Amino acid sequence: MYLDELSTKEFKKRINKNTVVILPVGIIEEHGTALPLCTDSLQSEYVAERVAEKVKGYILPPIRYGVCSSTKNFPGSISLSFDTMRKLIYDILSELIRNNVRKVVVLSGHAGRMHMSAIRLAAKKIVNEFNVKIIVLSDYELLYDEKGRKFLKKTGIPEYDGHGGAIEASRIMISRPDLIKCKGRRAKKSLPKIPRYHILRNPEKYFPEGIIGDPSTASKEKGEKITDFVVKEIVRLIKEM
Amino acid sequence: MYLDELSTKEFKKRINKNTVVILPVGIIEEHGTALPLCTDSLQSEYVAERVAEKVKGYILPPIRYGVCSSTKNFPGSISLSFDTMRKLIYDILSELIRNNVRKVVVLSGHAGRMHMSAIRLAAKKIVNEFNVKIIVLSDYELLYDEKGRKFLKKTGIPEYDGHGGAIEASRIMISRPDLIKCKGRRAKKSLPKIPRYHILRNPEKYFPEGIIGDPSTASKEKGEKITDFVVKEIVRLIKEM
Amino acid sequence: MYLDELSTKEFKKRINKNTVVILPVGIIEEHGTALPLCTDSLQSEYVAERVAEKVKGYILPPIRYGVCSSTKNFPGSISLSFDTMRKLIYDILSELIRNNVRKVVVLSGHAGRMHMSAIRLAAKKIVNEFNVKIIVLSDYELLYDEKGRKFLKKTGIPEYDGHGGAIEASRIMISRPDLIKCKGRRAKKSLPKIPRYHILRNPEKYFPEGIIGDPSTASKEKGEKITDFVVKEIVRLIKEM
Amino acid sequence: MYLDELSTKEFKKRINKNTVVILPVGIIEEHGTALPLCTDSLQSEYVAERVAEKVKGYILPPIRYGVCSSTKNFPGSISLSFDTMRKLIYDILSELIRNNVRKVVVLSGHAGRMHMSAIRLAAKKIVNEFNVKIIVLSDYELLYDEKGRKFLKKTGIPEYDGHGGAIEASRIMISRPDLIKCKGRRAKKSLPKIPRYHILRNPEKYFPEGIIGDPSTASKEKGEKITDFVVKEIVRLIKEM
Amino acid sequence: MYLDELSTKEFKKRINKNTVVILPVGIIEEHGTALPLCTDSLQSEYVAERVAEKVKGYILPPIRYGVCSSTKNFPGSISLSFDTMRKLIYDILSELIRNNVRKVVVLSGHAGRMHMSAIRLAAKKIVNEFNVKIIVLSDYELLYDEKGRKFLKKTGIPEYDGHGGAIEASRIMISRPDLIKCKGRRAKKSLPKIPRYHILRNPEKYFPEGIIGDPSTASKEKGEKITDFVVKEIVRLIKEM
Amino acid sequence: MYLDELSTKEFKKRINKNTVVILPVGIIEEHGTALPLCTDSLQSEYVAERVAEKVKGYILPPIRYGVCSSTKNFPGSISLSFDTMRKLIYDILSELIRNNVRKVVVLSGHAGRMHMSAIRLAAKKIVNEFNVKIIVLSDYELLYDEKGRKFLKKTGIPEYDGHGGAIEASRIMISRPDLIKCKGRRAKKSLPKIPRYHILRNPEKYFPEGIIGDPSTASKEKGEKITDFVVKEIVRLIKEM
């Protein structure tokens, strides 16, 4: 299932124009006191495995580096520059094409605007240069579009939930429960107001807990429902390709 | 041991100017019929864990992408451009510095000249800008310098052994024996003569098996000796910092 | 009111750290058969004048060039590359700073994701380098955030209205009514479904009319209400600086 | 006459391989106490309209941003970097070509050496890549070549007249007389000696008035004669295309 | 006299803030049938030696590579790109500064507009970053400014003389007479009209002889007078530093 | 023999697909007290002449600028950046190709890892874009590969000899004996230990004499033997092309 565990011969035999290749992208980023820096990475890697199984696709080695925005000044955040991210994704996509791959999904666990723009810019360049199908998405984007919002409501996730909140905590509970940190004390609900149109030098000032939402309401059950929803949606998108 | 499994709070408490942070770098690259595309990645990751234990260091998420040279046209090789590699390493190093890290080891499983130059160029820029200690090495470089050559001789590894040969096969036998591919047929010895000073458009012509050396002489025992040697040397280098 | 109509002496006397400088950004972009290519430019320029009056600010020469995405292949669309847009905004902002300006509003009539990311990336770089207040927004973003959506509902604008629809037609009716093109035949309602996560080479295939919404329901009255709302919001944001 | 006032349909119908498209380029630059920062912009825009009428051409939205050299440190000068200017012109020209335009005039009101080199470098790249006719000129270059010098002599303009002098003041008198600033006091004659081959950090030291020439000798009549000459020359160049 | 013939010790002892360092820049460029491709290089190197003697300066290794414009398609022209030229000059100047040099003359034998702009752009960047004196000139610029034109008239050089004409032939007659090629047949007078404002893809069409002027009127005597004039002017400029 | 001493006509007649063109690359770099900064340049230029004679090739104007690494902070070292070096070589190679040259040897006197990587990167790009034969080598690489080491042993050069040692001094004794500096006092033997994997900010600390080896054991005889060996090897490589 992991593409780089093949030998060159196996690669040649098994990978062709119909193979779906998934590139999981994560980030090293502050996620409050309850969750590890790798929270977004874990989610995209877990979903990638589930999706790959269903579409008989292959997974590229995950990239656990991305572009941080409002969390960039917190301890432990490691951010790539916009241009590095863009070049990295571009190079990998163009090498896949050289290897006759024609269907790629870039699946990001992080949904930040700049991070996604960097990935999309790379993918657009590729699509303009080659005749190839590329899907770029963060599973978070799926949860916050029309269909996703309805699903969240039904699942009992409040609308305000976001970075480091109940959704993310629930998902880590099923992928890496050992990394839930709240031994002894619970993460508190936090609903900061980050000014939206002002360009901020120190966004963390408006965001001292580093989270939006309430991780204390997370549960394994929610985590499974969310993952099921996301996996189903991505599989549907892949079938549309 | 993995840096991104910490939370932001844990990071702040545990990571300081004396912490050694190790960045394992691999590559997705043809390694003959006996070994997987991730061969070099596996080696650097395995060594990184062994070294981190001994120096109580932390490991960054491995980068399994690098710069291919003579293998670049084989099926399955995924090569970053020189500039992308350089920028990627630069960004990660500079973010570590923003996070007060002052001792970094970039440990590459791949030893290609361009690949290593890209990493070194990034590290040199950082060192010229900040007062920080950085070690950049491929464990292969250690094996091919004076001390290493003596060690290899003693271990019974012939001098000609190289890419995809006995050293690499021995090491995969201890880190991921399930990925040794030679069920049914053995990888053959291959000693190609790649013209050294000519710049080649299709280096694979001179290199049809894609390997240098004889993976059929690999053994777990050799793998362990080599790993011990490499780990010991790196620990020594870190203590010199 | 226009900054470049001052002489160098006048500039020195009147422009200081408290002056608000507004940079209107537009685009040359297909806007259906009812509206001109300069639709977005007209809106940002008209709003800039209304805002400048209220805050006693100065307006820089408008930039009627931007980054097209889904409209890029229609006749008449003239798109800057992402990097050119970013550098252009960066240079202008940094020259304002050299001239002691400390409060800048970049007001874009176009709200495309890549276009806005290019502007924001430039502004973020400036804010990280200098102690300066910058607001970056498209007036469309104001209309589609929570408060804006409520306002639109009240005004009788349907939720689906977008590019080249009733909002834009209403606004051109008050700023440049002579450029409304529908003499003889009316623009029709169009509600295309553009696949969201697929990276498209020819987005115009999914979007043959080039508009989203129903410009035939536009009115001067709506145009004025929308402009009033947008101006009020921007003035409020400026006062928060 | 303004290209971006067309709709996409109108554009498709009216713009073809024979259409002449004019891009007026200006600058925000110190022009002494008598003239506004937009002096060069006004001149190129005024000439562009006159020329477009005669050749039935279309005018792109003017760019009022350029590369300042000796005036760069005066209050109010807003300079693009060389590379931004070059990329901006390149992008616009290449988008025109995508839209089947094959005859372009880039008409700059500013004649600075670096500014013109940036534009020419962009145009050369386009001409090497596509089969297209491009004219790049500043109307000042026309006035200072052989034919122009004879004309100026006849019109009574002294040879030393330059930046912010009688020619420019005369031209603003016909295009935007309301922006002539010398109410109450006259601009003085200034003939600075700027060292020519030394690269200067602070060119304004040699150039305290910021002008070369004598704007007090300007007149509407001269302004009209100069404009007529320039328009005629450009129309002639366009016919040669 | 040549800076790189010193040892590191000698360099340290002899080179200081008052040392004038001259960088001769040439080009490999078509110069008609009478003159070699290195014509411009020879001139700047010869003048550099004469100037260095008089000011007790040091000469850097000459760069015989430059940016060709109208000659770029002729056999034998080897042109650097604008950006390479600029970076090359920038790097050399900044290394001189690191070595405590504070007075530099970049002396180009080639006077093409793009070539000189690339050099000047590099020098301007240095001057804005460091407190250093730089002169950038082509000796041709000296001959075509006011004083130079008077001198040429007196020397009997016609005004139209230019690239590959009598001036250049006369100068090669004194620096490298063995490279004058017209054994048996004389170079003919050629006065092409190259359209000035049109950006040309194939400028050589308007310029079939590749020269402007009449090399058959060259003489050693003229060559010496011209060199004396140029050397005197440059020495004067250096004393002004 | 020097390519730029040809006229455009001569170039067209004599240079074709079979012509071998040699580009000598040097550096301005500290070489101890015995040798001049141009040591490496002299060696490559001398060898280039000897090789060109034997293969009836042409020599491009030498580039006496390169990328310094461990010597970069010594007085007199003038280092190009990695990217400038790469672009410079790329431009020259691509212009040769435009001029129908198909066989090029880039011959560097300096063998630093970064310096050679920059040249190789440029050459690889060319070889991937065009069907052309390029050899890139430093004569030092020839001396330190298997065959070279045997030759050195036989010649009585100790294995440790390197930068500024007996080999280089011997070679300068035959190419430019007037630049041997040791009048009165002899250069001493120096065998510094420069830490190999640590990225060093001030490598000169480990390397106070700036040399590796013993220039006092140099001799004309050794210089001639070494040059003969190197020339013969390069001629052989060229014949293999």
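General remarks:
Chains: A, B, C, D, E and F, in written order; residue numbering restarts at 1 for each.
By definition in this document, contacts are C-beta pairs under 8 Å (C-beta built on N, C-alpha and C of every residue); 3 or more make two chains touch, one makes a residue touch a chain.
Since we're looking at a predicted model, the values are computed, not measured.
Where chain E touches chain F, the two copies mostly use the same residue numbers: shared numbers make up over half of all numbers in play. Per-chain CA centroids place chain B at a distance of 50 Å from chain E.
Between chain A and chain E, the centres computed from C-alpha atoms are 58 Å apart.
In terms of their C-alpha centroids, the spacing between chain D and chain E amounts to 30 Å.
Chain contact topology: the protein chains form a single closed ring, every chain touching exactly two others. Order of chains round the closed ring, starting at chain A and going on to chain C, comes out as A, C, D, E, F, B.
Remark: chain A residues 82, 113-114, 117, 120-121, 123-124, 126-128, 131, 133-137, 141, 145, 195-201, 237, 240-241 touch chain C in the complex.
Residues of chain C that touch chain D in their complex: 2-12, 15, 26, 28, 30-38, 41, 60-65, 74-81, 83-84, 87-88, 90-92, 95-96, 99, 179, 181, 210.
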